[in-house]
Amino acid sequence: MAERCAVAGIGQTKYSAKRTDVSMAGLVREAALRALEDAEMTWKDIDAVVIGKAPDLFEGVVMPEIYLADALGAVGKPMMRVHTAGSVGGSTAIVASHLVHGAAFERVLTVAYEKQSESEATWALTVRVPFSLPLVAGAGGYFAPTIRQYIKRSGAPENIGTMVAVKDRLNALRNPYAHLRMEGINADMVMASPMLWDPLRYLDACPSSDGACAMVLTNEKNAERVKNPAWILATAMRSEPISFPGRDEVSPRAGRDAASELYLEGGITNPREEIDVAEVYVPFSWYEPMWMENLGFAPKNEGWKMTAEGATAFDGDLPVNPSGGVLSSNPIGASGMIRFAEAALQVRGQAGEHQVDGAQVALGHAYGGGSQFFSMWLVGSAKP
Amino acid sequence: MREVALVAFAQSPSVRQDLRRNEVEILTPVIAEAIRWGGVPRKEIGFTCSGSCDYLAGVPFSFVSALDAVGAWPPIRESHVEMDGAWALYEAWVRLQVGDVDSALVYGFGKSSVGDPRDISVLQLDPYYAAPLWPDSVSLAALQARALLQSSGYTERDFAEVVARSLRDAKRNPNAQVSGDFSPDELVKARYDVSPLREHDCPPVSDGAAAVVLAAGDLARKVCERPAWIAGIDHRIEAHSLGARDLTKSPSAALAAEKAGMGKGSLDVAELHAPFSHQELILREALGLGESVAINPSGGALAANPIMAAGLIRIGEAAQLVMDGSAKRAVGHATSGPCLQQNLICVLEAR
Amino acid sequence: MSEESLTVLRSPVKLEYTFTAGETSSRFLRGFAEGKILGRRCPECEKVYVPPRGNCPICTSPMKEEMELAHTGTITKFCIVNLPFAARQIEIPYVSASILLDGADVPIFHLIQEIPYDQIRIGMRVEAVWVAPDERIPGMESITHFGPTGEPDVDIDLFEDADA
Amino acid sequence: MSDLSVSTQAEVLSAPHVLEYPYKRSLGPVIGRFFTSLRERRIEGIRGSDGRVIVPPTEYDPVTSETLSEFVEVGQAGVVTTWAWVSQPRPNHPLQQPFAWALVRLDGADTALLHAVDADSESAMRTGMRVRVRWAAAPEGGMRDIECFEPEPSA
């Protein structure tokens, strides 16, 4: 087994529509400092910095690690920038863990962020490219058709999406960092919100947020100096092309293959039983049942039953997105790392109001592009 | 540290403007050649990592379509850095150190002809203090060149000699875009672009791609007669604001070289990623490269500069010389950011 | 000059590009000017791609064999767009759909019209509606939209995996 | 020099494509204060961990990465530490007639500020010369409130 790796510190910013009180450096700095304080470390304890974010068009800053070197204490150190579209927050954490697992770095700071209020998310995602029709209307427009296929194929009742939208927003009320904290959120509110990309309504969709998430990953020796580190049990990444004959976009094989490798490496034979809590990348409500099937928690076409039966609720047998998930906070570049970090918080027993009692093994999951990039990790309270 | 080697390197001819092909069409034959030459069947490659820049193509997610050049089916372990392909090689090297994977495909690509790289590079700068003034990449390099002229014995003729040697060597490089016989005296009479830099002191605008196959331990020995072993690889970054840096030095290059163990043995050749002629002089001093070390026999970035691949090409060219037996120990260098702010050193040797 | 301190910097960015469609795409786009929808077939996988690409995304072999595709096809997925996003160039609501043309193995992406949006469904048969011949340009805009053919729906078996 | 551009197929289509957006950048405490003072025609640096006065003020120390907060007003003239002559200004450049980019260490500052110098010709430029700020007529908040620098008239 390569050098063990653990999460020793976690930092998040308050996610919100606009952070007008900080510069971009100030935003990432806030998360990084909190992660260092959590790990009881300072800048000079860090050996390398790995930063991740989604397209640079959001902020209009090319390769921002160049400008952010000073703010993240990277001067004189290795610094890398990962970009795998929506899954980037997760893949950045995995790249950082490889620096520990493989390349003998003792303490690595990894940060993922997006400051979408510098422009508009929809603009950056719908840049009109010559010779193509301007049909795609933001991420919702891209994924709504695939959701329609799932509904047709699985026979899921129409209200499953609404149930997820309500559940995640209720969970968000227990998370001080969440962007949307909607007191009294209920099905009627979701059903009353405007239909944007049939079948997705406004409240079926994630917000656009400014935010950053950071973690300090360490090797075994350093992890032992921290109380209840989150041990990395397994990591997995898979990619597939965006368009080819017979592609199953509803449950992409890249997601299934990544999950099976993850469980093999993590010694998981029955994910539904052995995983206590899952932070899953659900930017549009319907993706919860779809990812339950893709991740092997439910048989094909039956993921929606977990939502319907309350299995994925905060008090269900597999709580999904107790933090409120992407539906409640979505700085795109950071959202994947927030999933990974929230999974780590759960097994460290540090998730506060949204702590799932007795969580020992947690899944962090992210996806990106046209449902074609998947990154996921399993963390545990016990050393593997 | 697990033994990892470059076992194949391929690149496209660097051209001023490839109107015929888009990025994927340029990249596909390059990856096919690297795979064919690397001896590891495409479906057995353990990890794939690439470097590119959305802004160069003017569209978000330009690296997504590039996946078509790789044949990512069944789904592959793959990652991407929004940096030069040399950093994708570093990530692949780290990935192979973990031990569960034995081979990696690494590539970098970019069509600089689509946009204007001199302006695109401005968006790398401090978005509050520098970018709003729009100092293009040649203007910043010229500030560095002037600082060097003032603080050292170098003259503009020394710049011209770097250019003359590079473009003469480039005549032997079929992938070079610019090459020829020019005398330093002739070059110093040419018109300035941004003084003190003349057009030939600056890199050409290039479209191109490069790919490398890495293999670990016995697999490398099995598929390649003379693998170019990575004896050490490291990269470091400096503070960003130009006014707070000593532009005539490259401490991050020197530190990366020390961490990569470059000094632990004599060097036959160094491929330095110096897009501007004066930067080679700064790097030679920072790395302590004496006369015995051949510099940029490929012609370097002055002869071909496909942004996002040019750094990976330096490492590939250095590895090529080890693989074909003409060098026993070589170094490939890559840079990122304005005026050599970030530098990577890869030490390659025959074993 | 207002007294309180500045909190925002206006930083307009404008970059100009010359976008090149590349060889394969240019032939595809020029086909529209002649009222044709062109695809290419992979010699190894024997699958037809539209829009065509220089190489097959599955096995990466070059795709040279070109053929003309039918102007009829089947809706594999769609969505009714109601989002008033700033950069939109089409009146909302509009329906964008993936249409698997007869003879093709991957869908193209276009508008659906001439049918009440709540009657559009997966598996519906549609055909291309072209602009007048003299208005055709090298681009998918030469087809204004796809409309219903009136044929019975097709049960699309969408989800078998390509084990290339 | 043989610049080879491959465009053998004349009918390859190309089209202009513009990426344009009016980004709105929130500034935070340090940059906000610097631009506010610029608007009032004052220039403030910030003291680094080693006591150096950094202009323009960085939020974090370039060496120790410590958060910085102590502002120090500096002079509106200073010394050119390096420069570069632009004979053909680009559309986005600060000046549209030939000019020099320069790093200017203002009186009282220990690091240099990047900006443009409106000199008559390249021969008027040399390292070590003194230049002073020329303020923009109507400040809007930002580095262009300094329109450029101009050579200080010799005494």
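For clarity, chains are labelled A, B, C and D in written order, and residue numbers in each chain start from 1.
The definition used in the following text is that a contact is a pair of C-beta atoms (placed from the backbone, for glycine too) under 8 Å apart; a residue touches a chain by one contact, two chains touch by 3 or more.
Predicted, not measured: the structure shown is a model, and the values here were computed from it.
S.K.: Taking contact as defined at the start, I'd like the list of chains shared as neighbours by subunit C and subunit D.
M.R.: Intersection of subunit C and subunit D contact lists gives A, B.
S.K.: Check B-C against A-B and say which one is joined by more contacting C-beta pairs.
M.R.: Between A-B and B-C, contacts are more numerous in A-B.
S.K.: Would you kindly say which chain has the C-alpha centre located farthest from the C-alpha centre of subunit D?
M.R.: Relative to subunit D, the chain whose C-alpha centre sits farthest away is C.
S.K.: How many Å are there between the centre of subunit B and the centre of subunit C, using C-alpha atoms for each centre?
M.R.: Those two chain centres are 37 Å apart.
S.K.: With chain centres taken as the means of their Cα atoms, state the distance from subunit A to subunit C in Å.
M.R.: Once rounded, the distance between the two centres reads 30 Å.
S.K.: Give, as an integer number of Å, the spacing between the C-alpha centres of subunit D and subunit A.
M.R.: Computed from C-alpha means, the inter-chain centre distance equals 39 Å.
S.K.: For subunit D, which residues are shared contacts with two or more other chains?
M.R.: 9, 12-17, 19, 21, 23-27, 31, 35, 58, 62-63, 142
S.K.: Touching two or more other chains, which residues of subunit B qualify?
M.R.: As it turns out, subunit B has residues touching two or more other chains at 18-21, 55, 58, 67-68, 72-74, 113, 119-120, 123, 127-128, 131-132, 239-241.
S.K.: Touching two or more other chains, which residues of subunit C qualify?
M.R.: Expected reply: 7-9, 11, 13, 15-23, 25, 29, 57-58, 162, 164.
S.K.: How is the touch graph of the chains shaped: line, ring, star, complete or other?
M.R.: Shape of the chain contacts: complete, all pairs touching.
S.K.: Which residues of subunit B touch subunit C in the complex?
M.R.: Subunit B reaches subunit C through residues 18-22, 24-25, 28, 31-32, 42, 55, 58, 67-74, 111, 113-116, 119-120, 123, 127-128, 131-132.
S.K.: Flag every residue of subunit C that touches subunit D in the complex, lowest number first.
M.R.: Counting only subunit C, the residues touching subunit D are 1, 5-23, 25-26, 29-30, 138.
S.K.: Quick check on the complex: what are the subunit B residues that touch subunit D?
M.R.: Touching subunit D from subunit B are residues 13, 15-21, 55, 58, 113, 118-119, 122, 127-130, 132-136, 139-140, 142-147, 150, 167, 177-180, 192, 194-197, 200, 204, 239-245, 247.
S.K.: Going by the contact rule at the top, pick out the subunit C residues touching subunit B in the complex.
M.R.: 9, 11, 13, 15-25, 53-60, 62, 162-164
S.K.: Which of the residues in subunit D come into contact with subunit C in the complex?
M.R.: Going through subunit D, the ones touching subunit C are 9, 11-27, 31-33, 35-36, 39-40, 139-142.
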